[in-house]
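Here the chain labels run A, B, C, D and E in written order, and each chain numbers its own residues starting at 1.
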Amino acid sequence: MNPVLRWGRTLGFALTLPVILVTLWWVWSADSTNYYAPPLQTILTTFGDVWFSERLRADVLPSVTRLAIGYTGAVVVGVGLGVLLGANRTLRRVTEPVLEFFRAIPPPALIPILFLFAGIGDTAKVIVIISGAVWPVLLNTVEGVRAVDDVLSDTSRSYGVTGAARLRHLVLPAASPQIVAGMRQALSISIILMVISEMFASTNGLGFSVIQFQRSFAIPEMWSGILLLGLLGFVLSLLFQLFERRSLRWYHGLRRSQRGEN
Amino acid sequence: MSTTEVRPAHAGAEPVRRRRPELPSAVLGLGGLVVFAALLELLPRTGIVSADYFPPFSEMVRALVEAAGTDRFWAATAETVQAWGIGLGIALVAGIGLGLLIGSVELLRRFTASTIEFLRPVPSVALIPLAVLLLGLGLQSTLLLVVYASFWQILIQVVYGVQDVDPVARETARSYHLGRWARVRYLIWPTALPYVMTGVRLGAAVALILAVTAGLVGIGTGLGAEIALAQSSNAVPLVYGLVIFTGLLGVVVNLVARALERRTLAWHSSVRADVGG
Amino acid sequence: MTQPLLDVAGVQKTYTGSGRTVEAVRDLTFSVGDGELVCIVGPSGAGKTTLLKCIAGLLEPTAGTVTLAGARVDGPPEAMAVVFQEYGRSLYPWMTVEGNVELPLKQKKLDKARRRELVRDALEAVGLADVHSAYPWQLSGGMQQRVAIARAVAYEPKVLLMDEPFAAVDAQTRADLEDLIRSLWHKLGVTILFVTHDIDESVYLGQRVLVLSSSPTVIMEDLAIDLPDERTQLETRSSPRFAELRGHVYEQIQLAKHRKGDQHQRDEVTPARTAHGATVAAQHDS
Amino acid sequence: MTQPLLDVAGVQKTYTGSGRTVEAVRDLTFSVGDGELVCIVGPSGAGKTTLLKCIAGLLEPTAGTVTLAGARVDGPPEAMAVVFQEYGRSLYPWMTVEGNVELPLKQKKLDKARRRELVRDALEAVGLADVHSAYPWQLSGGMQQRVAIARAVAYEPKVLLMDEPFAAVDAQTRADLEDLIRSLWHKLGVTILFVTHDIDESVYLGQRVLVLSSSPTVIMEDLAIDLPDERTQLETRSSPRFAELRGHVYEQIQLAKHRKGDQHQRDEVTPARTAHGATVAAQHDS
Amino acid sequence: GGSADEPTTETEGGLAQVTVGIIPIIDVAPIYLGQEQGFFEERGIELELVPGSGGAAAVPGVVAGDFDFAFGNVTSLLLAQTQGLPLQIVSNGTASTGDPATDFSAVVVPADSPVQTAADLAGKTVAVNNFKNIGEVTIRKAVEDAGGDSSTVEFVELPFPDMPAAIANGNVDAAWVVEPFVTVATGQGARAVVRNFAEPVEDLTVATYFTTEQMLAENPDLVDDFQAAMAESLQYAQDNPEELRRIITTYTSISPETAEQIALPAFPEEIDVESMETIAELMAEYGITEETADVDALLATD
């Protein structure tokens, strides 16, 4: 297919449903008198005023920076720990309850404890993001590593592909479809936790702004912030898709190959 | 050729899967928890953190035990568990149902992808005013938050799982004319099950978190509200006691999920390897 | 004796994707009568699996058509069973042997008693009656392959496609299974396409043997096997006509290995031109 | 001619788990000299794969020991290569053909030039020089199997274990590969254990042929192949001695199929007792 | 919950069911006392007190009709007023005692802090529970009154419960806390430097009970009854501090010992309109609101 056409189609797929939903929202809210659900038009006008300004640098940039660091941290910790736990049954059994314990603790309850150990600066916020986003990566990595095909595993062992080489050439690629699923989950969770972390001890940030708007009853502004969060998620997921296509090229090729699609 | 060139084993090679007598998971897991508890006890006792803000583990437990003597505590627990259970139930049914649908219909997946990616990162907490406005305070709003947060986690896992169907297995199903329903039941579902189980475990914890958080931020009742109350009263050991209790709920939830997994995934290589043989 | 059931006309299949374009099948035209047993042989990578998948409606040919009972095949036709070359992956690891064999029968809406009977008979026929409740991954390679065969047999198809179905079983079992297939064929009048690498097997089993060339593939030979219909392992295989036919197919295969679709037209074989490893003539594929 | 390199002593293997207990291998004792080429034949499900995995250090025997070069095997020994029966699943789908063959060489810390040379030579030897940059899942079954063989060959092992390595390739390729294995064996002095279902192949290839009984498995026959060392497909296979040996193995296999480890002791075969399908004697396994 | 059209439901005994959103802190003790004493029941009201975290949930709760009334601090209500939310104040909630020695709110610093007066807070980081709220307004006023530059004070948001730890760990220079955290913090060695409710604004009304304009228009009698019952409750609370200290321990987790020590707020029946106007002006001055909130519009005068 010619690339222009393909791009057009992709774009069509990506935009159809959002356009329908936005239209519905627009119509439904057009003469809303509900204070908390202002007309979409108002929200969009506000959007321009609020975000195409100094705030972009002052609030969005710091947020995205913390998000990037936190997300990277979550992936590194999640995959690292996941490989360790996935490969070692005893270790997994010892640590599982403790990890599950931490996993069930709500970040807002965890934050005060974090403040005690990490202060109230950016470090604590990054840790909050990591502490929440690490789980999908970790769990998926553990399961992916556990599920490595036994014939492949035997092959590697008999050819002496052990240690780091085993990790690099067998374990990580084999688990990669599941790891990527976890990473995708973690991406949106990171954004959510970015907002939650900015509810405490913050002076700037996207989440901080949304919460402040909410508290000061600037409802269209708050909605515009939520829109921006959604857009951020969408853009990041596009980037993620590029990454996924590259890193799982073999996998998608394999899945497609016998469907007669190529 | 000399035989000495054939060395017995690769350096660093793993040993053959040996039937070593192994401690049961329960003992190992409990061991992990005990070590963790000891750490919590030692941190304030050795003065690394001030006991004013981070009381020793024993005090947390004492406060928790004290609270556990009251009906109020159990009522709160029941409320949280109820919100959790109902919310997770809804999220599971919706997430798995839609996941199977979206995952197996390529067109649907393409049409919904952008919207899903847009909605997923919207934090539940930002939806609080909307939730209160639409559904009022109490269980319904709490449920909205719980469902909204855990639904996406389950959905994404299912969608990825569905795409993991082995091409040869898929062709087998096609050539034997398995209908749509049979294909879902006998091919897609079992393939996606490992992903789904991970989704269930992720979703269960997130649902619990939101069930508690709703109380913490004041739109629901239950353990979260109790924690918030204890916080605003400076009952520090009780705060931690309640947090510990929440964590333990999570451990129990995971135990249940694991048991479920062992039953449903006995055929899967990950569980096979664990059972040994 | 037979009326045409399956018609393969000008089928061509080119795989593209991941930076590699392979013309697996160049131009295949043949037809199979109702109730015929046709064996297909050809070098590794010739496109036998590709051809079978096209016939099974699992793969769309790049060009040409497959017609079954007068209707163009554009999806898996009904009453057709396939035994895949990758037998291990075609069994569902989450089901027992029995469950695997039974699954397609459920789809046929047979009642429970009938299903159970078919499953039991099929498993017995392939010598696996005692492992019905094991999981596929608890079985040896040959046993797995026999489960896949049992599944196809129990399905009672009108058309049976088999892709090297006996590759993983021992000689004795293989002979038994060959006889099983022939007796099924006699009993049920099923039309069978049978891909094999074993030349003796192709001659022993088939009414016709199709010899494919190397990829890009054309048909090098369409050989009628004029052995008596009643065949037994010992007698048939030791008959002089068997040896003759066997020798002929063997020769063709050897030619085929170094012969590609662009080097000859069907029935115009010129052995002298086949030089080992020589790539002759311009490739027509882009 | 040879000194003992591999010693299999009283190996027994019982699979337990998922409610099914199978005594796959009852009692195997034999040894293989340094530089020997031993073929193993036996009915499907006899435990050949199980035995090979025990020797490869991938599976721990329930009882008995495997000793290699004087040291007990309790993990994959160095300088040993294995070609798995499930060839499709033993290739890394995320690596190209080349990558698959090269990976073990990287592990051996060979330099890039040498690796490239070995990979190229091995792929050429199995006739796959032109697909080096394809992914395994873009190949036909027989091609995949040849990649697995190329990987083992390029590895230049001291001991080579092959589990039905030619099951998926055509007759001509099979013959070529047989000759490849014998020439490698001559050239490099590698010790080879070769599992096959093809009786002719076992006789043509081996210096010895081990015939296994049905599961639970014992050794039914340990046959020395006294054919000349220099073998060619045409001559060797048409020699009368070949036919004799072949016939002998064939007979044994037929016996083996209905003979289990608990029905006879090695070398005490009583053909009269083998009735088709009859399950004789009490099973000792729980 | 109910809806705005039909804010009350009759209970079996013929009482009007009234839902009030409160925050489980010391400030709402009078309503609990009034409920216990039967002041509401006497007027045909059966109270349901719903604890929440205030602010974010309480205002939409009232707007959506989930709450008939709710408790909220004056800055939040003034802010809402400038944003056009249809809220009406119906009763006083809490007020400062006006006594710098014993007020229930204070800015605390570590004992060894160089900060001695409000003026010293200039250029320091000060923790408040919410930005742009009553703490920030009163502290800035106090700093200015003491001759400091209030625009240089750097505010940081922290929940009250985390503040004692934050100043002890040096995460912030100072923190604004209310009881029981004033007692907690000073008990752990902190020092109160400013009584920001007592000093900068005279007779400061801190928080009030409010409802919607709609409620006021549709159920004026109920609002009257509620006001009257609240007035009696406030008076009772003012007169019976021991009762107050007792009831606090029933709906919070504050221990009886702490309850004995804490400083109590004042509970006058009347709202101090002047203090509210001052706050409204300060909010505009500090840029918290764009225009000065209309205090009169916010006060229900029937």
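A few points about this structure:
Convention: a residue touches a chain if its C-beta (ideal position, glycine included) is under 8 Å from a C-beta of that chain, and two chains touch if they have at least 3 such contacts.
Remember, predicted model here, so these are calculated numbers, not experimental data.
Common partners of chain B and chain D, by the touch rule above, are A, C. No other two chains have as many C-beta pairs in contact as A-B.
Chain centres here are Cα means. That of chain A falls 38 Å from that of chain E. Separation between the centroids of chain C and chain D, computed from CA atoms only, is 26 Å. The centroid of the Cα atoms in chain A and the matching centroid in chain C are 48 Å apart.
The residues of chain E that reach two or more other chains are 56, 60, 63-64, 159, 161, 165, listed in rising order. Among all residues of chain D, those that touch two or more other chains are 15, 18, 57-58, 75-76, 78, 80, 86, 89, 135, 138. Within chain B, the positions touching two or more other chains are listed as 10, 13-14, 53, 128-129, 133, 168, 171, 216-217, 231, 239, 267-269, 272. Contact residues on chain E toward chain B in their complex (touch as defined above): 1, 21, 23-25, 50-54, 56-58, 60-61, 63-64, 66-67, 159-161, 164-165, 168, 180-181, 184, 188, 252-255, 258. Taken together, the chain A residues at the contact with chain D in this complex read 149, 151-152, 154-155, 157-161, 165, 169-170, 173-174, 176, 250-251, 253-254, 257-258. Interface of chain E with chain A (complex): residues 55-56, 59-60, 63-64, 76, 79-80, 83-86, 127, 130-133, 154-159, 161-162, 165-166, 169, 171-172, 288. If you check the complex, the residues on chain B that touch chain C are 166, 168-169, 171-172, 174-179, 182, 186-187, 190, 193, 267-269, 272. By the touch rule above, chain A contacts chain B in their complex via residues 13-18, 21, 34, 36-37, 89-90, 93-98, 100-110, 112-113, 116-117, 135-136, 139-140, 143, 146-150, 157, 160, 162-163, 177-178, 180-182, 184-185, 187-189, 191-192, 195-196, 199, 207, 210-211, 214, 219, 222, 225-226, 229-234, 236-238, 254-255, 257-259.
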